[in-house]
Amino acid sequence: MDSLITHSPALIVALPLVAAFAIPLISRAGYRVSNTFNLVIFSLIAFLVAILAVDVHSVGIRVYTFGATAAELALPGGYTVPVRIMFEVDGMSIFMGIIITTVTLAALIYSLHFLKGRTGQARFYSLMMLLYAGMMGLAFTGDMFNLFVFLEIASIAGAGLAAYRTNMADAVEGGFKYIVISAISALLVLFAIGILYAQYNVLSIAALAHYMQYTTLDMMALGLLGGAFVMKLAGVPLHMWAPDTYTVAPAGTTPMILAASYTSMYALYRMTFTLYGVHIDTTAIGWIVIIVGVLSMFIGVMMAVHQTDIKRMMAYHAISQGGYMLLGVGVGLAVLADPVALANYGRDAINGGIFHIINHVFYKALLFMTAEAIFFRIGTRDTNKMGGLARNMKWTAIFYIIGALAISGIPPLNGFASKLLIYETVLKFNPVLSVIAMFVSLVTLASFAKVFYSAFTGPEMPAYKEVREVPKSMIIGMSILAACVIFFGIFPGLVVDTIVAPATNALINQASYINAVMGAVP
Amino acid sequence: MRKVVGLILLLVVVAFLVWGVLPPTMHDFGYPPSDMDDYIIENAQEETGSNNVVTSVVFDYRLLDTLGEATILFTAVTGVLLLLRTLKRREESS
Amino acid sequence: MLSKIVRTVANQLILFILIFGLYIIAHGHLTPGGGFQGGAVIVSGVVMLLVAFSSKELKKSLRERFLSIMESTGALILIGLALAGIGTVFAYNFLVGTSIFGRIPPTGPNPGDIWTGGVIPLMNLAVGIKVIAGLSAVVLAMALFVNGEEVEE
Amino acid sequence: MEHIPLNFPFLAAALLAGVAFYIIIFKRNLIKLIMGVALLASAVNLFLVALGYRAGGNAPIYTDVPEGPMVLPVPQALTLTSIVINVAVLALMLTMVVHIYRHTGDIDSEKSRRLKG
């Protein structure tokens, strides 16, 4: 058991790769066999994630050095620089791991029925596993160049999935937009890595943070990294790809591409908190993050209100909700250097921002899945053409209501819990920002209520009389997420204490991240 | 309007990059710092048994990157074959 | 399809390209090169065949299904070799010092010994297989698609 | 060539990146956009591989190497990885452009509603 925990960081990334490579071979024996294989492997991975999470929360940061003579041996004997690639799993990494694993599990189950009778199933599942592996690697890695590699894996797999329905022109265009944006942002990241490597001749994040001199070149690298990751997480003003890509991605994979965006957000936090930390002017950086957040919040929701395409509307709301996370963490970042304010409200603000990631991924994934369920049955995403669907699609309607109430921050669902944390703490920092956040939340509620009335209630459209409820696998996929949404809403304190607070501590406590690798080096 | 903004952004980025790589900010070309690389050059033969140090970096010290790179190639091939597949008639109409 | 001269020359030349590519793959741990580079050389030969013959003609001898299986196999061998070291640590070079590719060369300049490198030559081979199959499949599928032929799943 | 003035290789990489950004921002043809991304990739690769150069260094391969210092091996390995990654990205991009051309009969980004901006 001990050695299983020791090796679990590597296995969590390696097993989905094995599955992805093997699926094209195994699917020769029939899709039923390969789907079973896929689910078995994935449940094994989920089990590994669970035991690793327990271990990280009780013991602390786990370092895994690839190819060394022992997993914990980060530095070669008697040497002051790490040479090999290493994974560093701390509270924040495992927090992302929990989000990604849950969403992928729901998406895999949801997709089972969606793909029935379609071509390219084997490759579709293969890409899903690769996307999962890319996101997990991105969350776990402790090495800059490795981060770039996993970023590329996640974006290429995401783009391939987004363009899956090649018979629709906008699907391919959405995928193309996604891959161009991803390629450019990945190359910017690589340029920044080159700049950092040129000065310190190390690639490990911990070692870079240890040796960092905060020269002007480092600031340039931070600018490149920040721009690249803001582009990837769809923050205004670099958000233009998100609505197109989220709208066209096929059922089940939209939540995963959404999770991939937030993995980029994790990378942004990792850079600002862990790589640079308190030694730079965190107030200025924090304000930049806050401004991007507020702009995303406001512009996202304003664009969402008048959309008639249901998924496009949800995509704009995703941009807007991303703003909440940036706002919360930005406030924490702005007061990072001030211990009093940090203890007073900064820590809770980061808690709120990070808690909102998991809440948002769950309820927005649920909403995307209901939208896809509607599209699956009636073949349109235009809200004006829908009506009276609640009669025949009861489960979908219920799940939609749960998601819509959660996103609007209505108690007792999970959106309320994290938004309340953000409102309270931001109020202490700057009341204006808090008011904007509440206003955006109201508009969100209005926008979702409008869609609910036009799509689910009202007179039954004659064309949709024969519409049936979606198949079982889709309902199971959605109910996993709905259960999480309700559970997180009822016990927010429990969730914050068990998984969110360790993540916040991991972000704030830069020294422990560095010590896990560079412990013995002065 | 968009063009003007684009042009200003372009000039700023290029000016930053050019200023960044010139000698006072960047190290002199040909004289890089080399802590990690010296370790690898000295110990690669003994630790990995390979004469080609670049190969021992690619397949031993940074094997995970290579695995990722192979994975990316696999992903792209999978993506290309997925997108270029011949659709069934039923799918095309939906 | 190009003229008979081109086709005949391409038929002869592919052998040399194959040998050169395999040489680069096999000597990856001794001389410049390796799996990726050698694989790319061989794929350039495949592209030459694609230009000389048509994609329809080439498809008769080089099926996408076969290429897909070959690529998966190469990738599985690569990750399998990495996983095999998990007795120590994932990606550990477990063959150094054993009887398979296990000799350790003398430190400093030496003439080179093919039987060194541990898992590195094997991994070069796996990557070579993968790159050949993967890039050939991409090129072939693109040519087929552009010419309006059916692409196998 | 003991000392190259003005860090010329780095400067070339930066200027190449500038040209690439120009193409990406201002060109409307999708094939040209892809060429811009490829050029940006080349610029970054040039930058990375130039970082590893040591004055008067040999290739870091011990097989019959002459006396003298060796250039740094890690940047070469990173560049190799990055080249393969970019090949993969370009293949996927070109596939998508082929599809877009099939659907719209055009590869001008301004003529397609979704690709604007």
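We call the chains A, B, C and D, going by the order they appear; numbering starts again at 1 in every chain.
One rule holds for everything that comes next: a contact is a pair of C-beta atoms (placed from the backbone, for glycine too) under 8 Å apart; a residue touches a chain by one contact, two chains touch by 3 or more.
For clarity, every value in this text was computed on a predicted model and none was experimentally measured.
More C-beta pairs in contact connect the chains of B-D than those of the other pair, out of A-C and B-D. Centres computed as Cα averages put subunit A at a distance of 36 Å from subunit C.
In whole angstrom, the spacing between the mean C-alpha positions of subunit B and subunit D is 9.
Per-chain Cα centroids separate subunit C from subunit D by 23 Å.
Residue numbers of subunit A whose C-beta contacts span two or more other chains: 17, 21, 24, 66-67, 119-120, 123, 145, 149, 152, 156, 159-160, 163, 166, 172, 198, 201, 203.
Shared contact sites, meaning residues of subunit D that touch two or more other chains, fall at 17, 47, 51, 59, 61-63, 72, 74, 78, 80-81, 84-85, 87-89, 91-92, 95-96, 98-99. For subunit C, residues that reach two or more other chains under the stated contact definition are 30-32, 36, 68, 71, 75, 79, 82, 91, 93, 105, 108, 110, 112, 135, 138, 142, 145, 153.
Chain-to-chain contact here is organised exhaustively, every possible pair of chains being in touch.
Note for the complex: subunit A touches subunit C at residues 7, 10-11, 14, 17-18, 21-22, 24-25, 64-71, 119-120, 122-123.
By the touch criterion given at the top, residues 17, 20-21, 24, 66-67, 76, 79-85, 117-120, 123-124, 126-127, 130, 133, 137, 145-146, 149-150, 152-153, 156-157, 159-160, 163-164, 166-167, 172, 195, 198-203, 215-217, 220, 223, 379 of subunit A touch subunit B in their complex. Residues 30-32, 36, 105, 108-112, 135, 138, 142, 145-146 of subunit C are the ones that touch subunit D when the two sit in their complex. The part of subunit D that touches subunit C in the complex is made up of residues 59, 61-66, 80, 84, 87, 91, 94-95, 98.
Contact residues on subunit C toward subunit B in their complex (touch as defined above): 28-32, 34, 36, 64, 68, 71, 75, 78-79, 82, 91, 93, 96-97, 101-108, 110, 112-113, 116-120, 123-124, 127, 130-131, 134-135, 137-138, 141-142, 144-145, 150-153.
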